[in-house]
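Shared chain: chain A. Partners: chain B in the first complex, chain C in the second.
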Partner chain A sequence: MSSTEMGAGVEELTPKFVGARVKRREDQRLLTGQGAYVDDHHPPGLLQAAFLRSPYAHARITQLDTSAAQTHEGVVAILISKDLVPLVKSVRAASKMRGYKETSFPPLAVDKVRYVGEALAVVIAENRYLAEDALDG
Partner chain B sequence: MLAVQANGVELMTVEGLAPQAGEPPALPGKGDQLHPLQAAFWEHHGLQCGFCTSGMLMTAYDLLQTNAMPSEKEIRAGLSAVLCRCTGYQGIVEAVQAAAETLRARRGD
Partner chain C sequence: MANAPDAARPDAPVLHDEAGSNVLLSREFARGDVDAALAGAAVRVRERFRFQRHATVCMENRGCLADYRAGTGELTLCSATQCPGLLRDALADLLDMPEHCIRVVAADVGAGSGPSLHSIPRRLSCV
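For the complex of A and B:
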């Protein structure tokens, strides 16, 4: 193969998008109020959840009575840790960082809460308003 | 503003920004259904996910009704109640400035 033949196959690549101003194709709908987000989707049978969260940084759970909330309009289910423990694994965050000590935690607090805002119970209801109302007891 | 405070008032949402019949298009051809603010947001990367965009546009629209040539500081203060977690605001500020210029040119100031 001669050098001419080799050269014939070489084509300079001119980048199409590098350094170019490219207009986003999705912007027209987002600019005109046509965007859709998770909250805009209402598939049939959709239920919504609200979480009961700890107001304490560190406290023992002595009692968790969901009976009053169960009677609320639109409430489909209320879950606390004992309902979840047989079904789910603890939440864990793995890391390759040296010396890192993994601390797993249950999705809903078991026996003890360890920070303000830790979830104790979840109410599942026909909509968010009813779920939130049930949280208030 | 609480919904009850808006009782009986005329409200304009982002859908109302689109050019009315007889108004010049902001971006002839592509995007000719856009208001200059919407076109400027598109041109200047004033949005990413779009979640805050309707609020940004309407707040900016209101700002430009009372101040046709706002400074960067005035734009940032005017939009301070609307949070955007995507853009870092720079593109939004530039878009509002560009739209203000378009609107001033349109009115002939």
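For the complex of A and C:
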């Protein structure tokens, strides 16, 4: 919209930072290790998760046997889609564009996987190493 | 199938049965009198333009830390997200929880770059 269309008394917006030297004010804290990312938080009683992921691009799930992994040291719980379906809705890829077809993305694959790396199961254990070990069976 | 043109063929295996096709959206754009502009052009170039899939990779991956208090029904999610407000709204809907019982904390985030705004399903599994 040009300034004439906006009417009298309205200033045209001019970019302040394009081509300007912008001083970084965040660096000192981050470069001296004072940042706090998700992995820096360790509340008491923290459990960690690892995901079993599909090696296939498109495949039906005929069987998912978690019994051997359940017996691993430090494993607190193993969840697959049937455990989560009653608790959480699937993410819907929605759009208002006309003619768009919505699709569903469950937290863990239901019935089939649709890409390499799609999560099938989650192991929750006392730490990440034990969770990863349980993934290996 | 490793490319979009193959996936769009009518005989391609369908990824989402509910959609009935791998083509979820088809749009055409035109503005002005295209035919006249082409007819009057000094030079005409015919070319097919392809756009690659956009995928950025953040230095911090999509970790999240969920703390659910069963007694009060309060959930706190610490997440490397670039839009905690939208994530809270999505969680309230997907988990069928009141919004005031959910707090999403995004402290330092190791890059947003676009993908960090998606409320990806893995975060739900964490919760």
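Note that the second predicted complex is superposed on the first by the 111 of 137 C-alpha atoms of A that agree within 3 Å, B and C clash if a C-alpha of one lies under 4 Å from a C-alpha of the other, contacts with A are read in each partner's own complex, and residues count from 1 in each chain.
Operating definition for what follows: a contact is a pair of C-beta atoms (placed from the backbone, for glycine too) under 8 Å apart; a residue touches a chain by one contact, two chains touch by 3 or more.
Here the structure is a predicted model, which means the values were calculated and not measured.
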Contacts of A:24 with chain B and chain C, given as first, second, both or neither: first
Partner chain(s) touched by A:49 [first = chain B, second = chain C, both, neither]: second
Broader residue contact with chain A after superposition on the shared chain, chain B or chain C: C
Which superposed partner A:70 touches (first chain B, second chain C, both, neither): neither
First, second, both or neither for A:32, with chain B first and chain C second: first
Chain A residues contacted in one complex by chain B, in the other by chain C: 30, 35, 37
Partner chain C, residues of chain A touching it in the complex: 30, 35-39, 41, 43, 46, 49, 51, 57-58, 79, 84, 87-91, 95, 97, 99-108, 114, 119, 122
Chain A to chain B touching residues, read off their complex: 23-24, 26-33, 35, 37
Chain B residues touching chain A - in the complex, by the definition given at the top: 13-15, 17-18, 31, 33-34, 38, 41-43, 47, 49-51, 53-54, 57
Footprint of chain A on chain C - complex, ascending: 1, 13, 15-16, 18-21, 24-27, 60, 63-65, 67, 78-80, 90, 93-96, 107-110, 119-122, 124-127
